[in-house]
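Shared between the two complexes below is subunit A, which pairs with subunit B and subunit C, respectively.
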Partner chain A sequence: MSETKSAAAPSPAGLGRGRGLTKARNVLVSLFTNPYNVISLVSIVVLVYLIVVPLGEIVGTTFRWQPKDSRLVEGAVPGAFTTYHWKAMFSGDTARAMLWEPLANSLSVALCVSALSLLLGGLIAWLVTRTDLPCRGFFSFLVLVPYMLPSWYKALAWITVFKNERVGGNPGFLAAIFGWSPPDWLAYGFVPTVLTLSIHYYAFAYLLISSALSSIGGDLEEMGEIAGASRLTILRRITFPLVLPAVLSAFILTFSRAIGTFGVPAFLGLKVNYYTISTMLYASVRNRQTVQAYILSLVLILIAVFTVYLNQAMIGKRKSYTTIGGKGTRKNLVSLGKWRRPILAALVAFMVVAIIFPVAVLLLESFLERDGIYRLDNLTLHYWAGASKPSIAEGESGIFRNAAIWRALGTTMKLVLAASVIATFVGLVLGYVISRGRKKASGRLIDQVSFLPYLIPSIAFGAIYLSMFSRPRLFIPALYGSLGILVLISVVKYLPFSVRAGTSNMMQIGTELEEAAMVEGASFGRRFRKIVMPLAGKGFLSGFILIFISAMKELDLIVLLMTPATQTLAAATYSYAEGGYHQFSDAVITVIVAIIMIVYVLAAKIGKVDMSKGLGG
Partner chain B sequence: MMNRTRARLVALASLSLAAGGAWAQVSTAWAKKAALDAPDTAEQLYEAAKKEGKVVIYSMSSRSKDVKAGFEKLYPGVKVETYDMRNTEIFEKIERENAAGIKNADVIFVKDSDGTMANDFYARGVVHSYVPKDIGAKVDAQFKQPGFAIYLEMKLVFYNTEVYDKDPIDSWWDLTRPEWKGKIMLTNPQAAIETLGLFCSFVQNSAEMAADYKREFGQDLKLSPGVANAGYEFIKRLAANDLVITNSDQEVVDAIGAAGQKNPPIGIATSSKIRDKSKGLKLGSVTTLKPRSSTGNPAYLCMVEGGQHPNAAKLLIRYMAGEADGKADGYKPFDVEGSWPTRSDMVTKSKTPLSEMKLWAEDAKYNYPNTVKVTNFWLSLKKK
Partner chain C sequence: MSRIEISKVNKYYGEVHVLKDLDLVVEDGDFMTLLGPSGCGKTTTLRVIAGLEAPRSGTLRIGGQLAADGEVSFNLPPAKRGVNLVFQSYALWPHMTVFDNVAFGLQIKKAPKPLIKEKVTGALGRLHIAEFAERYPSELSGGQQQRVAIARSIVSEPRVLLLDEPLSNLDAKLRIEMRSELKRLHQELKTTVVYVTHDQVEALTMSTKIAVFFEGRLVQADTPKGIYGNPVDIRVADFIGNPKINFIGCECSRDGDTMVVDSVLGRMALGNVASRNARFGSIGVEPASCGAASILAVRPEHVHVGREPSPGAVRCRIYSALPAGSETLIQAAVNGDTIMAKVIGQAEFGQDEEAWLSLQQDKLNVYDKASGRIALGALA
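Our next item is the complex of A and B:
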């Protein structure tokens, strides 16, 4: 402070030289005392430390011999430089099994899922926004529900229904009820992975395309009609080109998500030796083949970076066209005519298959004492509320009596609340910096760095943080095994969404109020607390809910990081299913689904939160 | 140049260490304080354990949670926290927690089929062996090195007894026959170190495997190009038989043993899973397979470096080993068919005594480098 004073009052002597010096000093002082600059600086340092540094370390590790390598390679000196791991991964004996086949599988799954999701999402978007389909409001609410639920729970339901003779034991639903054992290709591997993921990810396409469709005024189409174009021509020549950027965006978005997804291929792939990069990555970490896991992580990241680059190159900064005109005419809804009822029926059927059926199948199975036997005398409440019985599932007691499940519920709630509050608040602060610093390099830098986690698929992110924070680091104690690491990774991973939400929130708050307060002498902290925060309340809530739901269903991000003491409900489901205890995993997932649905409905009805605003993980 | 010399020195040092026979065991400050050599009695330990209040165990066997109730009843005031994990997962967690300085686990209950414990964890003082003096006197030396094993089990071939009234196969080589194509279940060897250890035994004892091939098929085994020996050749042909890979042995025996099947699979699972007969599964296991039935997998109880409840940990290990008289309930969950106690004063519930089982010995020194090679070989194979 004293420095500022002396700088502000230069001695009359040496005025000429002193003025330049004073100015430089003032700039320097304001650089470090202006709250905006301080926040920017801190944000950049923290973001680099949490995102860029880990990436760099991972790359470095893959080029060094590891202590365990001496088991296999003579003359490997731990720590010395080597390209052995990359060579082995790309051209060694295990390259086909560990990299090329999983890579081909990941790519083909991601491509097919993107295409199918686009078809589904686009069609539903058009039906809901541009036609006279009945109950459109209801559908627009319902259509997002599959996305709110974990993708891998549909995979669990799929296995329950399609399980065939290959794995022996108790039959699946179809085999038990209709005596039909589905072929392997329908029960496991590529086909079910693509179908279940598409039923999940079509929400992206739906959201982007429906918002593009509703932003187009009706006038262009009307003009086409006046000029005598047929309905199909209008669709092809006018509507479709206008929504093309949204279509491409949706494709890329879906692709970059589907390429790294773990839960679904983990449940559906293993029985037929079907690996994707993500499931191979998981297996590598579990077998303590750390370097292989890192290389697989980097491969996933590179693919994601490439797709986003492609997106930028093809579409550029413009995410959608805005048609310029006067007040848009009221849209003429396309009449479906005699197709109205069949389409309505088809849509209802789709919703039943995508939402109600999986929940119902898993719920039903959770009441079966022996899975696959659908008889009244086989019904039991054991898996929900039964006391430990040695003859059932190694004496595991029902979930409501199970201390481990209650602990997992507690962990999940703590994690989800902490992650969503912190992420939303950080998003708000960073959003403030970005929105007020749009013309400054710092604002743009923060914008870009905070987007980086988007490019790192969840499972790869988990692998990276596992090694980064397993030992004490600069300012951060060893976080492995604590709830802290789960909160940290969730906050960082959801940053792209929370920051985007925060920025758009802040953009809507004009600077005038703040300036007025500044004139009145209010400090930065006071301005932020008294003006910015109250105005941002509504946006805060919707961002919070979105991250809450994303964290609630999260498996990919934390599956590598949690320890027995920090198991979440999603992870409990996974380990039950992995151990073959289907009814337990069914019961736990039902609890997760119930919590998510309650929050979703409450948020939409009471909080008036528009879930279509953001796209979480 | 320097690097190479250094590497050679390191290699030489580790070689002489291995040749020395005894497993290197590092005594840390923690281990000294925990007095792992003290002639403890259950009473002394219980008094000290009450002050500690609880004990945390990471267990590869889900049966450890059945130990909890009996222990807490016998020793009120000391709670047991059990975490049921895969063997490899326990290794991964123990290693990371050690590096991070996290003191969570007190005891681990594991097998060491890939030699990680013997070659790495003991040598670095990540875990410590604790053999109660009085109980140890009744246990053969081979089960006290490198850790204290309370019983032995092994991977056996299982089948459905409703469909097969006697063992459907008599040689490991039978599993490569086309009649079993698509009908052999196996827990993913990448995730199950006992299976990897068994594969290692095939490789280590390839001469026996080659001889048995000749006995079974009446001609010399022809190795595929690039395959080193009969052990690897067996693994290659097994993998080519369209195996059904699962996540756990539980899935294997559930699928094999479910009642009312017409065409059930067979498969490889841990011998003690035969106990699931009591749950209505129709299970049988082959205990006389040629050239040998399997490789014995000792189940080790070890103390974890830095554990915060050393006395409770010792008490739990004693309890699970059956206490001084071998009659404590702690061993009950493991006293099942398909499991062979290491104590000379206990009798197995299995039909065949251990002395009559033809088994390979688990060789931690051989397996430590070779499980990596076998894993890579397994990964390089085209399945189906």
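Our next item is the complex of A and C:
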């Protein structure tokens, strides 16, 4: 299929014309009527326009004087080249507050989160894949639940429980019930940020390590046993080295995601002036310090690029053992012996703390007329279904009667459906081009460019698109304030996942199936519709569900692009929490969690969708 | 008319030169088998004929009509060539029933429904799978899937039917059954067939012509008998035949119409060189001249092993005798060389027994060692 697609009207021989001319004409005709080439070309242009150009523009902006600089800095010529902004950012008066401290916070948070996630995820992965722990199948489903829910809902729950008098307002759960006011370090900032993020990202480590563990043939360990090694020696000398690449990968990838996360440090840090790069970036955009925001975005991107590069460099193909050994070999499960029950209890307790407790706390709070007062006579349904009462929350009515929330629900559903359908379809088309062009430069280029959004943390991506598409651009009207920009950024940001899903989907459809249709005279459109699409159907569903869930919980990506008219449920939660209307944000997030859980369970039960591939978000 | 003419075709995959100056003519109604080891270019040739690959240079004509011209990057789309193809993997669409698989091409051509039904039913009937019309491919056995793939390819009555190793995924018994099925089909339909295989038995049993490929070059295009009896290249001689042909190093010299061959089997004077080599002219091969470094090739069935000395026989020692019911394979050591003989019936020889070995001289081929080309052919 490589070189010859249906040339529209090639001419066999140039009568009266030079053969060279005929050749040129035939080459051009086949180049531009070959759907593969046309799609590749369009894909490359669009990807470059949506990913590479914005990156280039913000880099350029940081090296140019801005119009407002001429009022602040002497000798500044708007548009001219300067390194002033970078110098000021890295060594100026505000460098410490704007860059170094947030950077130190981001790095220490990311490091601790990665280490803790690895410990938790690795331990649970080993328990679930390699021991005789009861109900392992159930746990393997349950451990992924925290990852399906937004990371910041755990931060909300944390605040609800640990809030002290420092930020004012009503007391938290602990203060109200036990009269114990938690110290600041436990209530805000570093410690809670690390803990809540770890309870989110451990699932990432779990996924990578458990798939590595289950792909090691049991015979490798049995061989060690035959050689006379003790269980600990086997673990240390055989099992651990084999999963080491996965462990390293998990560490680095968790790091690259945790470094740019916004929601959790925003909920837990902003009120006490604990900044990370991402929250500082958010604050800069809000303060209209665009160039500073860009530089912070670039810092985040550089760190992410560096970590992913590190991953590639340290874990080359040679050290990847994950395919060694057959899956079919019977595994000798490690007997936990007398530890079986205590470990089971600990795991159940962990699940309760990680999943049930936050949901329960937030749900409970949503029924309190005044937050922080845990008494029966304080219970109310007002925040759910109450009519507007001037005495409560400045007359805001319960979410089920609140037109703004219904609108946000509508916006969310429109956004999530549009983004997941478009992203999955684009993923399929690009996956088609990549899988059919693996040996061509165009296929590899598309593969690489579509991976770029992975390296751009969501909040930085939002900042870039905010400036890119707030004014009309080539063929694209000003999108700021429309649903369009939210759909666009979601589709682009989820490309790495949808394209990978699409590629592996397309790899399973042999080219011969298409060639057979070509021989019968089916056009490209017909082949795609009649052969490729029906066969890609199942993969389409699972890709769709994964992006649906990721988009449903998305806050970081769209928080900067939101306007009141295009508020989503996640953003409504954020703005209620920011305004101190905790019960409202609790109620809204409960709705989000409910929707995600329903979709997750339905997808796993009915669609047989493998969630373990959902490394998004 | 469906004569296929391939002329000076070159094809590259990236830097790899996969077809080298290919010239091949498939006459109307031929069953032409492209034979060779994997990677020799036979499948690529088939895909060029189908229109799935474009040649870089050279031309392809089907039924007199230009189908591809590398010089001007002209390549007629597959569907306009009047060809159809059976893939090695069958390439049945798993989401369509057998009927829909076979009907697909006719639907594309917008044939009227009753006609489609009639033709599809006819094709399925011809391959004895009419009762599976409403099944899905995954509900069929490998042999049945194979029949569906063939039905799909013949339903549109192509001028040329191309088959890419269609039997390689079947078990031995089914393979023999499908061989005779395909041979019958060819004679009934009277289409031109181009068939790719690496299985020499398939090639020898089914074809009217065989084209043997090595490393992107067509080495010999000939009748099965010619390929077996008179391989023009030592690689062809080595590739065809089971058990393998015997190669014996020799020296040879020409004396008028006689060729004198010296080897471990002694001196042989082989006469009638002109008539032995006569047929090579008709297939466009120029015999090599022979010299000090030559190779004598003899098929095991043309080696005679006996207990009594006879004129021209040399003394040998039985290395092993392997009786296999209808025939016996004997390995005999002669002056340091080992020669394989195939004897019909059960030949009782003990290990290390002494015996006498002779060759059927009119069936010998002699090759030039340096070029591997034929110097002296066997009498047909």
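Definition applied: the second predicted complex is superposed on the first by the 574 of 617 C-alpha atoms of A that agree within 3 Å, B and C clash if a C-alpha of one lies under 4 Å from a C-alpha of the other, contacts with A are read in each partner's own complex, and residues count from 1 in each chain.
Quick note on the criterion: a contact is a pair of C-beta atoms (placed from the backbone, for glycine too) under 8 Å apart; a residue touches a chain by one contact, two chains touch by 3 or more.
Keep in mind that what you see is a predicted model, and the values were worked out from it rather than measured.
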item	value
Subunit B versus subunit C as contact partner of A:288, first or second or both or neither	first
Partner chain(s) touched by A:471 [first = subunit B, second = subunit C, both, neither]	first
Larger contact residue set on subunit A - subunit B or subunit C	B
Subunit B versus subunit C as contact partner of A:526, first or second or both or neither	second
Touched partner set for A:354, first subunit B, second subunit C, both or neither	neither
First (subunit B), second (subunit C), both or neither touched by A:580	first
Touching partner for A:513 - first (subunit B), second (subunit C), both, neither	second
First, second, both or neither for A:296, with subunit B first and subunit C second	neither
Contacts of A:128 with subunit B and subunit C, given as first, second, both or neither	neither
Contacts of A:491 with subunit B and subunit C, given as first, second, both or neither	neither
Contact set on subunit A toward subunit C in their complex	1-7, 10-14, 19, 22-23, 26-27, 30, 439, 510, 512-513, 515-522, 526, 530-531, 534-535
Of subunit C, residues touching subunit A in the complex	14, 50-54, 66, 69, 71-80, 83-85, 87-89, 91-95, 104-105, 108-109, 152, 156
Residues of subunit B defined as touching subunit A within the complex	3-4, 6-8, 10-11, 58, 62-63, 65-66, 83, 85-86, 88-89, 91-93, 95-97, 99-102, 104, 182, 185, 188, 190-191, 244-248, 250-251, 254-258, 261, 263-265, 278-279, 368-369, 372-373, 375-377, 379-381, 383-384
Sites on subunit A touched by subunit B in the complex	68, 70-72, 74-77, 80, 92-94, 96-98, 165-170, 270-271, 273, 283, 285-288, 390-392, 394-396, 466, 470-472, 478-482, 563-565, 578-581
